[in-house]
């Protein structure tokens, strides 16, 4: 997605987000409370088993939820997240992460992120709790 | 740490672990059930807030626990992990991760990982559940 | 639900499950991999804030997932669970818990449980990891 | 512990906390940010396997952390908690829960709770994230 099509807050975040750029993360959809990102697993992303390092899936999911929540206008950070690794991720897999808002009350946001591969199989599930600060974008 | 000083299983894992190499991860101590790793945060590891992406701390902690558990001899993978981000991590921070075994019963291992910075402040806490497969190293 | 309508493994578990009986848990649906339970919050289930103790929602969700997974035939126990409390639960609220299988590979089962109140509002979300033992029912 | 020895906020909470009373929870120590509670597992607390229901350990741990955090003065609720069940808990086991503060920044508190049995063996570990409201006790 070109910067022009992204939600302006997400475009601003991606500009500074050196690690999401390294990941080759593509923001496919972005609006307040929602986000869908995609990336392709490379050979420099593997762990000691030769499959994608768990942090790669975590990174994709965490960026996706950060974009979804911050696009609502307030600076928001991830406070605690639980990731379940459901199936191995291999080099050349194309991963899609979709943020699913669960609840939003005051300063606390609960968001799940589903990560699927090119065959539609779910490879990871992130359950995150974010905190919205008073500072706005 | 040179490969010669690492536990042989950990050395074998690090050789293939392209992502831990990208992180600049240094295995300071490694033995069955225990591991201590260190890394320095670089400018290409930041998120949209200009601080370390949550996945960097997750990656360091996840590699550290993988080394600790796999050094016990069986192939072991992370099944689910909860990470609490306790303080912002900045460029040039030197992070130390220490695996703390919590329980080890049959095929399931519970391991915590504490991540501290150069001032000794705790910046993250990972609580992980691993599964030991029948395959051995 | 009468015992006659329950899946036989679930009926056997409920017979011994003194705490689920204390909760007044009603098994509405039960089959291998799926379960739906319901209960009404009583005045003896509140915490220091006069709302339902977090353990009540946890208990309902945990029993529901135990029934769903054990009905598949193997003895299965909860290894780690993350519960998000999304809205306050009050005395006389009628809670419904529904097990949602996420993945099932070998000995590890990932199951989510959604807990809603009588107005259909989601009050809690449990993300659980279970371990299936070799022993069968 | 008699009410006279408890921290006044904890005594006030325990008075209303019908479920912790049902558990037979004894507040052994209580001060701002710290708490130690004890209870004995009864036959009416078991699950379908005849061991303590996971919600019993969760309840003990959750009450312990609520007392520790609320004794700091602000109303605080548990937002998300991860519990790891590390060893089976049996009828007549005497459980001790100890709150371990991990971080406390602004509105968010991270607290771990270790639960041990009468032999000193760790049976559960709770990692919790609480939110402090502006309302004070």
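Note that the chains take the letters A, B, C and D in the order they are written out, and that residue 1 is the start of every chain.
Everything below uses one rule, namely that a contact is a pair of C-beta atoms (placed from the backbone, for glycine too) under 8 Å apart; a residue touches a chain by one contact, two chains touch by 3 or more.
Model, not experiment: these values are computed from the prediction.
Looking at which of A-C and A-B shares more C-beta pairs in contact, the answer is the pair A-B.
Placing every chain at the mean of its C-alpha atoms, the farthest one from subunit A is found to be D.
Averaged C-alpha coordinates give centres for subunit A and subunit D that are 33 Å from one another. One simple way to say how far apart two chains are is to compare their mean CA positions; for subunit A and subunit C this gives 29 Å. Remark: subunit A and subunit B have CA centroids separated by 21 Å (rounded to whole angstrom).
Listed for subunit B are residues 79-80, 82, 84, 110, 127, 129, each touching two or more other chains. Within the complex formed with subunit B, the subunit C residues making contact are 79-80, 82, 107-108, 110, 127, 129, 131. Note for the complex: subunit B touches subunit A at residues 12-20, 22, 43-50, 53-56, 58-59, 62-63, 66, 70, 75, 77-85. Remark: subunit D residues 82, 84, 86-87, 102-103, 105, 110, 112, 122, 125, 127, 129 touch subunit B in the complex.
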